[in-house]
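You will see chain A twice below: alongside chain B first, and alongside chain C after that.
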Partner chain A sequence: MSRSAARLRLVFTAVPLLLMGLVLLVPALAGLLIPLTGRGHAFRAYRAVLADPMFGAALRNNLLIPLLSLGIEFAGGFALALFVTWRRSPLVEIAVVVPFALPEIVLLALARFIFLPRGYLNGALLAAGGVPVDWLRPGSWLALLTVSVVDAWHVTPVVMLILAAGLRSIPAELYEAALLDGAGRLSLFRHITLPLMAPALASALLLRGFDAMRIFSTVLVLAGAEGTPVLSTYAYQLWSDQLAPGRAMAAASLLGLLVTVLGLAGLGLGRRLSRQRGSLP
Partner chain B sequence: MKAPTQSPLKPRQCIGLPAPRPASLLLAAVLLLSLGTPACRFEAKPRKRLTLALALFPGESSRYRRFLEDFERDRHVEILIVAETYADILYTVRAEAAAGRGVVDVAELDLALLGAARGGMRRLDGLETAQAQALFPPAAWQAARRRGHLYFVPGRLMWQAMIYNRLEVGRPPGTWEELARFARAHPGKVALKAARYDGLVCDLLPFLWGAGGSLRNPYAPGDYTALSFLAQLAPFLNPYSAVFREMPILEAQMRGEVWIHFNWPFAMSYLASKGLAPRFALSAPIPRGPAGRATVLGGGYLGIPKSAPHPRLARAFLRYLLSASAQRRLSRTLGWYGSLAPEAGSTDAALYAGFVAMAPYVRARPTIRNYLPLSERWQDAVRAVLFAGQSPQAALNELGQTTAASQLAPAAGPERAAEAAGDGLPR
Partner chain C sequence: MVRRVLARLLSGSLVLAGFGPLYLLAKQAITPELESFAWPPFWLPHRLTAAHLRAVFALSELRSVLARSLAVAALSAVLATALGAMLGYAMARGRRERAAGLGLISVTRLLPMIAVAIPLALALIVLGLYDTQSGIGLALVHGAVALPTAVLTSFSGFAGLPVELEEAAWLDGAGPLRAFFSVVLPAVRPFLAATFILTFLLSWDEFGFALLIQVTHRTLPPLLYYYTVFGDVGPASALALVMLLPAIAVVVMLRPMLGQTTALSALPGGVAPGERRDA
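Take a look at the complex of A and B:
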């Protein structure tokens, strides 16, 4: 590479890095300092957050909702990916992608009208002779499940698209050879589909895993900041209602730490899995 | 070397411009001269820009703009409205105060934030004229003063009343006993704004004051009476009370999930705009407690930050706002109940009957510097009683232990008298 080309490459790398540093890194570092400044003990804000019972509930929900949501969207996404790969139907593909194409607030407002005490779902239940259910009752397990289902509903198309792309990359010859050797459907899935899908599964899991941990608007619109608190709504509540920026940033920093630690662990696990399958160098 | 040949074209023609003609030269001269005339100089002078940071909904901004047109024209000033939340306005004022310069000339703050913001605001002594005083209840002015100085002026004040479903409720409960009886008979139909925010304290205070209690004295007997009454109501409250704020509770009332709740006058104009009031919903006084009736003052106060670039103009704007005609126009343009009672016999009078009836019982939350932490402690105490089954006494003991001395009411002196007028210490 010539010297001028190397210089140009340096410039093209440095400019976006500088911009990212200015708009992302500097505010993030400044934010990390907020809980450590002010009167009293340096970690006073962190101690106050850790002693708050709502923080405990938010932390628990922040782990449970992504788990439930990921479980639903991977089961649903994989089933849909298999369906659209084997029975190519553009109409079904479009119908499946619609929830993701809708603006988030539209989808959430719609979900809210469905699950409200006098919402569409309870109306349907009553019309069918059933009894209305408190889908979003504050603090209930059912509200946690409802939030997880709605979150999964919104993003299952993304998982489906990633997995469908992975499925389509598996050579058909492998299936043909296995069928000639007398393999059954379950063996095909277990010994061909699943191992060769590992990189796609790992990518989808990482992408959605990070995203699911940062859940915010679904909880806020459906259940309210206090109904099913998660760390982001908890931080938002401290910032906007209690006007406590120190504690809000402490909660946000703890969320950042949680996402980073679990994300890095997931990344390591994904790499190991892919390497075992021989997909990554 | 050969000398360059001189071009037959003139320099202007070389760059594609036609040669000037006498007529165009004359026109250019006239234009240049006209720029120097007094009329043009007057137009060229930039108008002063007054920046108002107001807590308005996006839809309200355009109506507020309409209201400002008179002042802009009379004063030859351009007003810029920055619509933010109260919290963001406070953050802005604090940031500008720390920087020592800013752009906000007038900041609107909720009564709960006055104590926290006061340090960064200019004194407004002299704006509290007799005419202005007559516009708002004494408690409203009391909350704006500190140690004999005025730091804020009431901008658009309001207080809470009871909003009820006239078809389902019939005669609204007038006392605590009637309210408790109604809640028991109709489980889930009475609701409180009991999310974890200052609105919960606004719902609590009419009960606390109605029992002779005080926010700044967790050991007052009235506090226990009020929390015991709320504990009695708890099993029959709408379960979504735990997440209800102003709008969600109003929407629940519109859907028929809630029949009785407490809210601000905007709720009535909102219900009326949806065709639900006065046909289905009406306002009534908040039920009377053992020590009397009370309601909480809320809404926006206006102040001039120390870092305001145009403090004199900002002061003139506040003076303009404190006239009866401006207040009347403000209420009408924005659809607020405002500082002036609606005309008797009008539709508004029917809508706001509960609010008019509560006017003599208006009290202000304490505007102490660290009101927000005090409010948060009360929010936690009330939520523990309502939703976690904690006993009122245990909640109050915990509250007393965690409340800082600076948040408690002074034992004696003029400050105590002021608190008694505002926060409802036993008078």
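Take a look at the complex of A and C:
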């Protein structure tokens, strides 16, 4: 009996993994290898991409936007987690998860209506006696910041949920004991909340870090493929506008390599940190 | 007193930040485009029109996009739920299966959409599944993309089920396959329903693969993108409202999770300052 059960498990594992492998993994590997074997010079597609100044700009933005976005969403997510647990109001609870519940493309359409030169934000600024600002001027630092803010806006609710779950896992006795010992609220936060939240923070950072580096639609909708390129939109533009599939696959694969290398480094760092922490008394 | 006012103010601005943009979207959907282009912008609707909303369901082009989106989402959700239940079950019952499943899931989760979508589009062109009227190629892709989510959701259902349940069925003479269908699956029905809803929404909302694979026979997200970028504010807003309908289900599903986190306020100290004030 257990033999036929094992056979069933094998089939049940093989079929789904085959679909995932064929649809996701094989194309990604093919995209990595095909540009290596172009007619004429090998590596030509990779060399062409690496020599393109647009690639340099895309790479820079691809590192800056995640950093900005992670900073904003973790500060905001932590503050929201604290606030929502303090003031319990169903209306506020729903309001703070709305940005994540919206389909991404709806949120981005909204962001465009808000941040365009004649959008609602500038309208509000004008009404308040301010001067309209060009939030999305192609190539500007402000556009980079706006894209990061919108990206953070979308996922802050998720970060909030993860961090709130981390907060919940801290035993109340720790706080009671520290209060008895005369600890102030700031030192409670510094010496209990933060260190015990470290695992939740680290895993949320890692998870969101991968996502943030793969940013695509936010940039495409808000800034267009050429104004503020990241690697995904750069590859998309090579594919759909320049009809250069070889270079497009090369650029996309370089992003894949970047995410993998940084991801593995992050995982290793996280593991080393947790080992060090474990050795502490 | 000051703190209470401050908290009210903060709550108010959070509610405004959450719902304000939605209000503006709804306003654009039900007013003539002339009002949406006004400068400085109108904050309240002056004249109302149902033209944009009616167009979503009346224009044959839009109606076919709506139908395609529904079909792709339904097909990919069925695919992901079925395959997810298979792998989830195998992973819950075997250690090697668990290692293999988790391994491939973590690898595929690292892949950027664009690194998969471009070579995949080339492959679909060769197979004749690229940009089809029915969107079947995209449904297949969405099924695979949603599979990790489906596996993890149904895995938690199977993992909570005692092995004795199947073993009893085996003793009664049912083969493993029959035991799976008539004993195990019915026991995890709520998990399967949740998996179906989640994976349906993943496909319904998905933009990147849809943009690259359904170039002329579009689904809703790319269509909304083109309307937005080309400044068709009225149709874009009406379309966005239609796209929201399934998302409302997510809010309803996320709320209980949030409700659990509010059990936090039982904690003293920095975590729940509001409670301490009363103490």
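Criterion: the second predicted complex is superposed on the first by the 253 of 281 C-alpha atoms of A that agree within 3 Å, B and C clash if a C-alpha of one lies under 4 Å from a C-alpha of the other, contacts with A are read in each partner's own complex, and residues count from 1 in each chain.
Assume a residue touches a chain if its C-beta (ideal position, glycine included) is under 8 Å from a C-beta of that chain, and two chains touch if they have at least 3 such contacts.
Please read all numbers here as calculations on a predicted model, not as lab measurements.
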Checklist entry - Looking at chain A, does chain B or chain C touch a larger number of its residues? => result C
Checklist entry - For A:R118, is the partner it touches chain B (first), chain C (second), both, or none of the two (neither)? => result both
Checklist entry - Just chain B (first), just chain C (second), both, or neither: which does A:A5 touch? => result second
Checklist entry - Which partner does A:G21 reach: the first (chain B), the second (chain C), both, or neither? => result second
Checklist entry - Now for A:G256: first (chain B), second (chain C), both, or neither, which partner does it touch? => result second
Next on the checklist: So in the superposed three-chain picture, is A:M54 touching just chain B, just chain C, both, or none of them (first/second/both/neither)?
Outcome noted: first
Next on the checklist: Once chain A of both complexes is superposed, is A:Y175 in touch with chain B (first), chain C (second), both, or neither?
Outcome noted: second
Checklist entry - Is A:A45 touching the first partner chain B, the second partner chain C, both, or neither of them? => result neither
Checklist entry - Touch check for A:W239: first (chain B), second (chain C), both, or neither? => result both
Next on the checklist: So in the superposed three-chain picture, is A:V97 touching just chain B, just chain C, both, or none of them (first/second/both/neither)?
Outcome noted: second
Item to check | On chain A, the residue positions that both chain B and chain C contact, one per complex | outcome: 118, 224, 239-240, 245
Checklist entry - What does chain C use to touch chain A in their complex? => result 7, 10-11, 14-15, 17-19, 21-22, 24-25, 28, 37, 39-41, 43, 83-84, 86-87, 89-91, 93-94, 97, 100-101, 104-105, 107-123, 140-141, 143-145, 147-148, 151, 166, 170, 175-177, 180, 204-205, 207-208, 211-212, 221, 224-225, 228-229, 233, 236-237, 240, 243-244, 247-248, 250-251, 254-255, 257-275
Checklist entry - For the complex, which residues does chain A have touching chain B? => result 54, 116-118, 134, 136-139, 223-227, 237, 239-245
Checklist outcome for this item: The answer for chain B against chain A in the complex is residues 85, 87, 90-91, 113, 116, 195-198, 239-240, 242-243, 248, 255-257, 372, 376, 387
Checklist entry - For chain A, which residues count as touching chain C in their complex? => result 1, 4-13, 15-17, 19-25, 27-28, 30-32, 34, 80-106, 108-110, 112-114, 118-120, 123, 126-127, 161, 164-165, 167-168, 170, 172, 175-176, 178-179, 185-186, 188-189, 192-193, 210, 213-214, 216-217, 220-221, 224, 231-232, 235-236, 239-240, 245, 248-249, 252-253, 255-256, 259-260, 263
